[in-house]
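The same chain A turns up in both complexes below, where it pairs with chain B and then with chain C.
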Partner chain A sequence: MSSDVDFGRPMLVLRRRRIAVRLERRSVVVCAVLVLALAGLAVLALMTGSYSLGPGEVLSALTGRETGLMHDIVVEWRLPRVTAALVFGAALGVSGAVFQSMLRNPLADPGIIGFSQGAYTGALIVILVVNGSYGQLAGGALLGGMVTALAVYVLAYRRGVQGFRLIVVGIGVSAMLGSLNTWLILKADLDQAMAAATWGAGSLNGTSWDQVIIGGICVLVLLPAAGMLSRPMRQMELGDDAAAALGVRVPAARLGLVVVGVALTATVTAAAGPIAFISLVAPQIARRLARTAGITLAPAALVGALLCLAADYIAQHVAPTPLPVGIVTVVLGGGYLGWLLFTEARRRL
Partner chain B sequence: MTVLAVRQDGPGTTTVPGPRRRLLGLVIALVVLVVLLVLSVMIGSTSIPPSVVWDALVHSSTGIDQVAVQDYRLPRTIVGLVVGVALGLSGALIQALTRNPLADPGILGVHAGASFAVTVAVGLLGVSDVQGYMWFAFAGALVVTLMVLALGSTRQGSSPVVMVLAGVCVGAVLGGAREALQLTDPDAFDAMRSWNAGSIGGRPLEVVWPILPFLAVALVLAFVVAGPLNAMALGDELAVSHGVSLARTRVLAIIALTLLAGGATAIAGPIAFVGLMVPHVARWIAGPHQRWIFAYSVLLAPGLLLVSDILGRVVLRPGEIPVGVVTAFVGAPVLIALVRRKKASGL
Partner chain C sequence: MTTPTRLQVESATIGYDKRVISRDLSVAIPDESFTVIVGPNACGKSTLLRGLSRLLRPSAGQVVLDGADINSFRTKEVARRVGLLPQTSIAPDGITVADLVARGRYPYHGFMRQWTADDERAVRNAMDAAAVTGLSSRLVDELSGGQRQRVWVAMALAQHTDILLLDEPTTFLDITHQIELLELFTDLNQAGRTLVAVLHDLNHAARFGTHLIAMKDGRIVAEGTPEKIVTAELVEEVFGLRCLVVADPVAGTPHVVPLGRDRSR
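Right after this comes the complex of A and B.
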C-alpha cells in the first residue's frame, strides 16, 4: 500500500496495528549518530575539570552507586551545567528552525524580531539602573525581550504579517535597541559595564539545578507544541496561499509559531543570557546533514544541543581563560556556516 | 539617458522629474547643507552667536568661544561633512551594485572588520589614541570586506544572498573573537565601548587628512561607474549588450565603496543607517538615474549626519549622545515607515 509510494528517497515505515509512522531513513540515521555523539560528549564533559574522573567513575556516579565527593562533583556540580547546555541548546535549535521555516529565510532567528537586543536592554537596565538581583535580571530580560518582540510584530502588522516586512522591522528595532545598549554601557562605570557585557554574551557559569529544572520544564512543555505545529509549518513553506488551500489556518498557525519560538528563546535567555548564533546555525547545519528539503525540527534540536555542549566544553576547558559560552558559539557556528557556504559555492560550479 | 527612456516604458514606474527640477533640488540640498554646517558650529553645550563664529574663523582670536569654535566645533563639523559624504555615497554604491534596496555597507563586514582591528590594536598592541588606531580600523575594514566579497562570490559572479550570509558569518566570528579579547582586557573594553558608539566629536583634523586622498579617489571612481551601473540595473545581459564590462564595473564599484565605508568607519567608528537611508531619499527625489542619486547622496548624507549630531548635543545638554546612537534612533523609524508603505522603493 502506502509503502509502495515512491517518496523520492529511502523511507522507513513503522507499523503497529492502526498507527503507522513514516520516517526518512537518512534523518533517522543522522539523529541516531547525533544522539551517540551527544552522549559521548556529555560523558567527556562530566569527566573533565580541575578534578579529573574516568568514564567508569562518571557512569557509576550517575547511576547513584557513588556517594560523597564523587557524587557531589558529578551530580551536583557538573551535571547541571551539562544538562543546561543540552536542554537550552536544543531549545535554541528548535526556535531557530521555527523562525527560519516560517519566514522562509535562512538568516532568520528570534534575534531578528528583536528579542535578543530587547532582552539585553532589559537586563542592562536591571544591572545598571536598578542594580537588581539575579531573579530581577531574568525578569527584566524576559520583559524586555517580550515587549520588543511584541512591538516588532505590531509594527510589522498591516493586514497580516508578511515575512519580509517582519524581518526589516526587526532589523530596524534591533538596531535602535543595539545603539541604546551601546550608550547604556558607555554611561555605566567600567566594572558594571563588563559584568553586563559578560551576561550579554550568554554564559552557563554557575548554573544550578534550580535554573535547569525551571528552564527544563518550560522547554519540555514547548517542544511538543513546536512538534504539533511542525505540520502546518512545513505546509506554509509552500507559500501562504498554498498552505491556506491545503487547509492551514495561516494567521493562527503563524501566531502560534511566533509564540512558541519566542517562548523557547525567552526561557534560555532568562536562564543563561542571550546565547547567540545557535538558533541561526543549528537548523542550517541540520538541514545539510540530513539533506532534507526543508527545515526539520528533530535534527535541528540535536544539532543545537551538540553545538551548545561542545561550545561550553571549549569555553570551560580549552580556552586559555574561561569564557562565556556565547562567545564560543558565535565563533564555532559562524566559522562552520562560513565553511559550508564556501564549499557549497565551490561545489555548485 | 536612453537607459532612462527604456525604464519609463515599464509598467508602474513613477514619473521622473526633469533635469531642471533635479538641478533645482540639488541646489536646495546644497543650501540646506551649508546652513547645517553653520548651525553645527553655532549650536552645542553653549550656543555661540554667528558674529563670534565669524570672528573666530577670520581672525585667530583667543576668547573662550573662539577657541571652542576653532578647536572643537569646526573640526567636528568638518569630520561630519567628510564622514557623511563617504557614508552616503558608499550606501548608494552598494545598493546599486547589489540591486538590493536594503543593502548597507555594514552587512559586508566593514564595521566588524574595523572593530576587530581596533580591539587588537588596543588590547594586544597597546595603541591608545585615535590617530594610532585609525589605520588599524581602515586596514581591518578593507581586509574583511575583501574577504567577504571573495567568500560570497563564485566563478559565475556573486549572488547577493550568499554575500550577505558570508558577511554575517565573518562578522559573527570576528565579533566573537573581539568580545573574547574585550572581556579579558578591561582597558580594551573601555576604549572600545566609546569607539563602538560611533562619534564625530573629539576627532582631531589630523585623523581626517590622511584618509582624504582615498576618499577623493573613491568619489571619482563612483561617478565613473555610475553610467555602467545604470545599464546594469536593466540586467546583466542588457548591460553587456550596451557595451558595459561587468567585471570592470563591479571591481571599480567595490574598490570605491570599500574605500568610502572603510574610511568613514576609520574616522568615526561604526555609524549605522546613514548609508541605508539616504540613497532611498535620493531615489524619491531624483528617480532611478545613478549619477543623480550619487550627487544627491553626497549632499544629503552629511546633512543627516550633522542634524543627528546637533540633536545629540542638544537633547541631553550639557552631556551629549554619540551621533551613531542618534542616527539609529532617527533611521530605524524611517526604515520601518519605508517597509510599511504599500510599495517599497525598489531598484
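Right after this comes the complex of A and C.
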C-alpha cells in the first residue's frame, strides 16, 4: 500500500490492526542490501586465514555439521572475532548517530564530550599506577570515560543542556586530559608506554567468546533503548522548542540519548579498546546511502557493522603485517574527513 | 468580564533562572480570538508566549489549560491541545515538505502507530489549509522564506490543536508574504481556532488581531479590541513614541502614524 500524500520519495505503508508505520522504500532497500553485504563479508572473513576454507565448509561448520578441527577454526577461533566486529561496529554506528543527531553536528561522537580522552586517561592510570591486567585496564578505561563524560555533562548544565555548550565544554576538557595523557606517557617507562599504545589503537586480536558475550549482551540491551529514543530524537532535530511543543520531554530525552550513546561506545571500548572513527563515519555514510532526512539509526548500525568488519578484515588479511583494527579505521576516517570537507567546500561554491 | 477562556495565566511569575521577566501576571486568552501580543523589545511578549506553551514553568502562580494547571498534564496531552510555531526552528538536512508536516503528528503516535489514516488525513488537510500541497515533494531547504514559514504553519496545523501560539511568525518575511501569512491566520481563526501571536508591527496587529494585549516591562498595560485600546496615549505610554492614530483607509482599523522628530512639515 502506498500513501496518498506525496513525500517526494516512494514510501511503504504498512497498516494492520495495531500497527501503522511508514517507511521510505529506499531506506528499506539499502538496509536489505547492507544485510546481504554483511552476510557475504562475514562468510568471507570466516573462510580466510592461515588455513583457508571454502564457503560450503564454513556454512556446514556454522550449522553444526562439522566437528573437530573445522569446527574449532570456524566457531571457536574465527566466529568470535567476526561477531565482535559486527556487534561492536553496529554499537559504534548507533552511538555516533545518536550524538550527531543530538548535537546537529556531523563531526560529533561520544569523543566530543570527552569520552575518548577520559578512557585513555583511565587506561594509562591503570597501566602506570596499578600495572594492571587487561580486565583492570578495561575497567579503568570505562571508569575514566564515564566520569569524564559525566563531568562534561554536569559542567555544561545550565537550565538543561544545550548542544553547543556541550561541545565547547567537551573540547576544553578533552584538551586538558590530552595534555595529562601526554605527561603520563612521558613519565612511563618503555614497556608501559608500549602497552598503552597497543591498547590505545583498539584491536579485536584474540577476541574470545567471553568478551563477545558480555559486550554483546550490553549492546543487545542498549540498541532497543536507542530505538525507543529514536522518535523523540528525530523530533529534536527540529529544535528544542519545536520538539517540546510537539510533546517531547526534551531534557529527559537528551539525558537518555547521552547515556545510551556513551554506554554503547563504553561497551566497545571496554571489550576492544578505542576503535576510532566508525562512530563518526557510519551515520554520515548511511545518511548518504539511504538519502534520509536527518539521521536514522538502522542504516547507521548496519554501515557501522560493515565498516568494522571490513576494517578488521583489511587489518588481518590485507595489510602486509597484521594491524590493530583501530589503525585501519583511523585511515578510513581520515579519508572520510577529507572527502566530507571537499564535498562541503564544493557545495558552497 | 466573563469571556470564555481555555487558556489563562493566573498571577504567575515567569522568567529565566533568577531573572524575573513578569511578576504576578494574570491574563486570559479569549476562546476563538486572534489575540496579538504587542510591546517594545524585551517587554516579555515572547516570555509570556513561552509560559502559555509550557516551555517556561512559572516560579509562582500557574498557567491554566482547560481548568487545570498546564504542568499537571502529560507533555503529549498538552501537545494535542496547544500548538506552537517557535521563533526559530530547524529543518533537518534533506527533509521534504510532506515529511516535515508529518512530524506535526508526533503527539498522536505510539511506538508502532506512526502513520494511521487519521495521520494521513490530518497532514493532507494541513497542507491544503496552508496552501503548500503543491510543494509537498520539494526539499524544505530549497524553498523561499515565505514558503518555508507556511510549511512550518502546516506542521503546526497537522498537530490538530484548537489553540495555536505563534512566536513572531512574520519577522523574517517581506511585506507580501507577511500579509499573505496574516490572512492565512485570519482564515484559521475564522474556522474556529484560537490564535495567539507575538507581532512587531502594531498596524498589522490592529488590522488582523481581534484582541490585543499590550505589554511593557513585563506588565500588561492594556487589553481589548484594537478599536478600544490602540490610541495615541497608549502608543506613547507603551512604546514611548509620539504618534497619530488614524483609521486604516482600507480596513477601518486603527492605524499608527509616527510623528517622528520633524513634526513641522
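We take it that the second predicted complex is superposed on the first by the 334 of 349 C-alpha atoms of A that agree within 3 Å, B and C clash if a C-alpha of one lies under 4 Å from a C-alpha of the other, contacts with A are read in each partner's own complex, and residues count from 1 in each chain.
Definition applied: a residue touches a chain if its C-beta (ideal position, glycine included) is under 8 Å from a C-beta of that chain, and two chains touch if they have at least 3 such contacts.
If you're wondering where the values come from, they're calculated on a predicted model, not measured in any experiment.
> Looking only at contacts as defined up top, I'd like to know whether chain B or chain C touches more of chain A.
Looking at chain B versus chain C, the one contacting more residues of chain A is B.
> For A:L180, is the partner it touches chain B (first), chain C (second), both, or none of the two (neither)?
first
> Would you check which partner chain A:G172 touches, where first means chain B only, second means chain C only, and both and neither mean what they say?
first
> According to the stated criteria, A:R249 is in contact with first (chain B), second (chain C), both, or neither; which is it?
In the superposition, A:R249 contacts chain C only.
> Could you tell me if A:D189 is touching chain B, chain C, both of them or neither one (first, second, both, neither)?
neither
> If we overlay the two complexes on their shared chain A, which of chain B and chain C does A:G294 touch? Say first, second, both or neither.
second
> Just chain B (first), just chain C (second), both, or neither: which does A:F342 touch?
Touch partner of A:F342: chain B, not chain C.
> Give every residue of chain C touching chain A within the complex, in rising order.
Answer in residue numbers: 16-17, 53-55, 75-80, 82-84, 86-100, 102-104, 106-107, 109, 111-117, 119-120, 123-124, 127, 136-139, 159, 165.
> With touch defined as at the start, can you tell me which chain A residues reach chain C in the complex?
The contact residues of chain A facing chain C are 3-9, 13, 15, 18-22, 104, 159, 228, 231, 234-235, 237-239, 241-242, 244-249, 287, 291-294.
> Which residues of chain B touch chain A in their complex?
Its residues touching chain A are 102, 151, 153-156, 162, 164-166, 168-173, 175-177, 179-180, 182-184, 186, 189-190, 193-194, 196-197, 272-273, 321-322, 324-325, 328-329, 331-333, 335-336, 338-340.
> Help me check something: in the complex, which residues belonging to chain A touch chain B?
Result: residues 106-107, 155-156, 158, 164-165, 168-169, 171-173, 175-176, 178-180, 182-183, 185-186, 190, 193-194, 197-198, 201, 276-277, 319, 321, 323-324, 327-331, 333-335, 337-338, 341-342, 345-346, 348-349 of chain A touch chain B.
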